[in-house]
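What follows is a set of structures to go through.
Shared chain: subunit A. Partners: subunit B in the first complex, subunit C in the second.
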Partner chain A sequence: MLKIWSMKKEQQKDENSAEGNGAAAPKKKKVTAAQLRAQKDLSELSLGTTMSTEFPDPDNILSFVLYVEPDEGMYKGGRFSFTFNITPSFPHEPPKVQCREKIYHPNIDLEGKVCLNILREDWKPVLDLNAVIVGLQFLFLEPNASDPLNKEAAEDLRNNREGFKRNVKIAMGGGSVRGESYKRVLI
Partner chain B sequence: MATTEVHPASEPARWAYLDRIRTRPGPFTNPDSFDGKVVAEAMENMKILVIGAGGLGCELLKNLALSGFKDIHVIDMDTIDISNLNRQFLFRQTDVGSFKAEVAARFVERRVKGVKITPHNCKIQDFDEDFYMQFQLVVCGLDSIEARRWINAMLVNMVDEEVEDSYKPLIDGGTEGFKGQARVILPTVTSCIECQLDMHAPRAAVPLCTLASIPRQPEHCIEWAHVIAWDQEKPFPDLDKDDPEHITWLYQKSLHRAREFNIPGVTYSLTQGVVKNIIPAIAATNSVIAAACCNEALKIASNCAPFLGYPDNNYMMYSGNDSIYTYTFRHERKDDCPVCGTLARPLPDIDQAWTLRDLVDSFAARPEAQLKKPSVRAEGKTLYMQSPPSLEAQTRPNLDKTLVELGLVDGQEIGVTDPAFATVVFKYRLKFKS
Partner chain C sequence: MKVKIKRWNGVATWRWDIPEDDVCGICQVHFDGTCPTCKYPGDDCSLLSGKCGHNFHMHCILEWIKQDSAKGQCPMCRQRFEWTEQPNDMSMDTTHAPPEI
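Showing the complex of A and B:
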């Protein structure tokens, strides 16, 4: 039988490292890879002045809410929140992100699903939570009519930009747009 | 099945060729310590674990049993589906609905006299360290990355530098259509599955907006029903991908949408395939990869020839998509691998009467870390996070609590991060002063 142990000892001799002194400690609960990675991402998060977080349970960093308050663009003055759910497969799989408020937006549907490439087809394990929140911020600055999730909002934006802006204001103020009623999200 | 009962003329005859390889000294055996008898005996007493009893698992069990391993365990939680029978050759139509591990074990035991196969009809996550510690070798034939990552982290974390038997070589096989790979992982010595995560192509996803507005393929219609229509209509509280009623609902929705866009090709089985993310499996690719894995197991167990894994190559890729191409190379271990890059180092002389603040401040003085803004967590317990601000505020009161008050115990593992070390996560095992 192969002796990895002796190989390891040899490797350590090569590296001249003197680690692992002392007797073996009893094995206790290990921190999982997804949690370590989430911890790392969170400690590097740059939220700026327009974003904040909320952790319903601070001991569970895999589940939190991100608040976005755009300070420019068509959604300025509104306050939107996104639930972030990080699965045990993170970062192999992207975090699951959903908008909690009903929003009139070409790239977010009425259930809160977000069409952001890095949350789906373009996700890579090297991307981090910062990349995701930058992407979300961008959606508020530059709603994109060519990749619509809410087709009506996209057509509106394409055909009549001023009318779309008005409808965004109405929706954020708690009014109805095209027969769909929205909750007030203005701060 | 009576016809599978085989009685070889004699046991030695069955193993004659194998014994020629493993019991005779070769150019790679150690001339001083080689004893052929010991090798065969050691292999017979060795406990080997096979994870997965599907396409690869059937091949692995058959091969290992025919290679002289006598004490094999197999874990698989799945039951046999009619669609498995085209390649999972240890199963028959009458076995549909039975546990794969159970049926595979019995079949190979009947076929290869003298081998003992212990089936476990459950998830790998149902077992703990003590269970995995009993094996000398682990061979994986899995189709899920999540399960691979789990067993990899388990085996890496089991390594105790003081205990020779805590090092378990992991042989991992995987296939997808005409492509596959075989790799050997020597936990903490060579690159691990987490280090090699970039070798797995992520699941090809279609942009959500394509699904929502311009479906072009039958798969787009099915994904639309799965990702969008299901959430809008919630026909059942939770989607159960194994419930025919749920799949039928998705199939009907997809069909309706496909008609709307004039897209042909939506069928019930395609719906099932897309929703369950079934990767097309080709029987002979499983054979190629399982054979490679089994031979590495034999070589590791008997030392009869150099094996994949150390010191150079550890990864063999096989591609049959475009003629045949194989390439064996060394995948480097990553220093910042969250699983094997940072083995928990002992953090000695911790006074359990310390406050968390004392502990956090102590990281600034540690030569290998010198952390100015450390964030500290234990599994399931956020001790102190410097960022984001809301989490900092929530965990700040912990700073004045003692380690004991926070529930930390001797030997507990903690993860420490600092924005100054963007790519590194430090893991420590607390060692209390007695």
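Showing the complex of A and C:
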């Protein structure tokens, strides 16, 4: 009878003792669960033609920038970027996502905080980064006035859709809306 | 021709008794592999089946379910996650290596 269980135990013992006298064993960087999962998600990312990613530190896949250039809807022609920070507890916690540009949008506040259900209360670990970027894309196509972070923008969208559209154009062009000045994000 | 068996090696493989190409929804690793914190698959890193029919690595689902934000729900279907009493059995699939002649 083959002794696989005792063989396994011995192997484990060897590894433990190797870890014990750390200097002798070659140092191997431990890949965390978050890194493994992020790697998988990133390899399956479908960015399409309107999105791209950038890794400021190529050795750190847990922190990157996503560029979104909507090709339809009210934000067409703009270019927005989001920082993604994946915490060590990913995928049990959602990635932290923030918009880098000041934007006139009911669901993104002037500091760039994003109101998207799957980034907060509706996150679950079976969701992946693709779900998040689809969610962001959706925010540009269908800004949603019912759950606002920027109350003024939401008011405009609810009460005067055409006026809201105009304001989006003005803000993206680098003008001022309701006393707030915006940087030009048109491409 | 007379064949005399001098020595033979028994070889066995095992896999979890669930569809072959299934991955754990939480870590996205194949069920026959381990969760990301374990080294050895098998009894050390077992699976947990929910009454809703969704399976996960035990370590993955316990990590999730202990969080407040999980609200005790299955991450796949958001039904209350209750695990079945009977854990998945390992199905043994035994094959013998050809005897050495």
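Points to keep in mind about this one:
In this section, the second predicted complex is superposed on the first by the 160 of 187 C-alpha atoms of A that agree within 3 Å, B and C clash if a C-alpha of one lies under 4 Å from a C-alpha of the other, contacts with A are read in each partner's own complex, and residues count from 1 in each chain.
The criterion applied here is as follows: a contact is a pair of C-beta atoms (placed from the backbone, for glycine too) under 8 Å apart; a residue touches a chain by one contact, two chains touch by 3 or more.
Predicted, not measured: the structure shown is a model, and the values here were computed from it.
Once the two complexes are laid over each other on the shared chain, residue contacts for A:Arg184 go to neither subunit B nor subunit C. By the touch criterion defined above, A:Asn117 lies against subunit B but remains apart from subunit C after alignment on the C-alpha atoms of chain A. When both complexes are overlaid on chain A, the residue A:His92 reaches subunit B and subunit C alike. Within the superposed three-chain model, A:Arg100 lies out of touch with both subunit B and subunit C [touch as defined at top]. With both structures placed on the common chain, the touch criterion links A:Lys30 to subunit B but leaves subunit C unconnected. Put simply, more of the residues of subunit A are touched by B, taking subunit B and subunit C as the two choices.
In the superposition on chain A, the residues of subunit A touched by subunit B in one structure and by subunit C in the other are 1-2, 8, 32-33, 36-37, 40, 92, 121, 123-125.
By the touch criterion given at the top, residues 1-2, 8, 12, 15, 32-33, 36-37, 40-41, 91-92, 121, 123-126, 128 of subunit A touch subunit C in their complex. Residue ranges of subunit A in contact with subunit B, taken from their complex: 1-5, 7-8, 11, 19-33, 35-37, 39-40, 42-45, 47, 52-55, 58-61, 88-89, 92-93, 107, 109, 111, 113-115, 117, 120-121, 123-125, 147-149, 151, 154.
Residues 42, 46, 129, 136, 145-146, 149, 153, 157-158, 160-164, 167, 169, 186-189, 194, 197-198, 200, 202, 204-209, 212-213, 227-228, 231-232, 300-301, 303, 307, 310, 338-339, 344-346, 348, 373, 375, 377-382, 385-391, 394-395, 409-415, 417-419, 422, 425, 427, 429, 431 of subunit B touch subunit A in their complex. Per the touch definition, subunit C reaches subunit A in the complex via residues 9-10, 25-29, 35-37, 39-40, 60, 63-64, 67, 69-70, 73, 75-76, 78.
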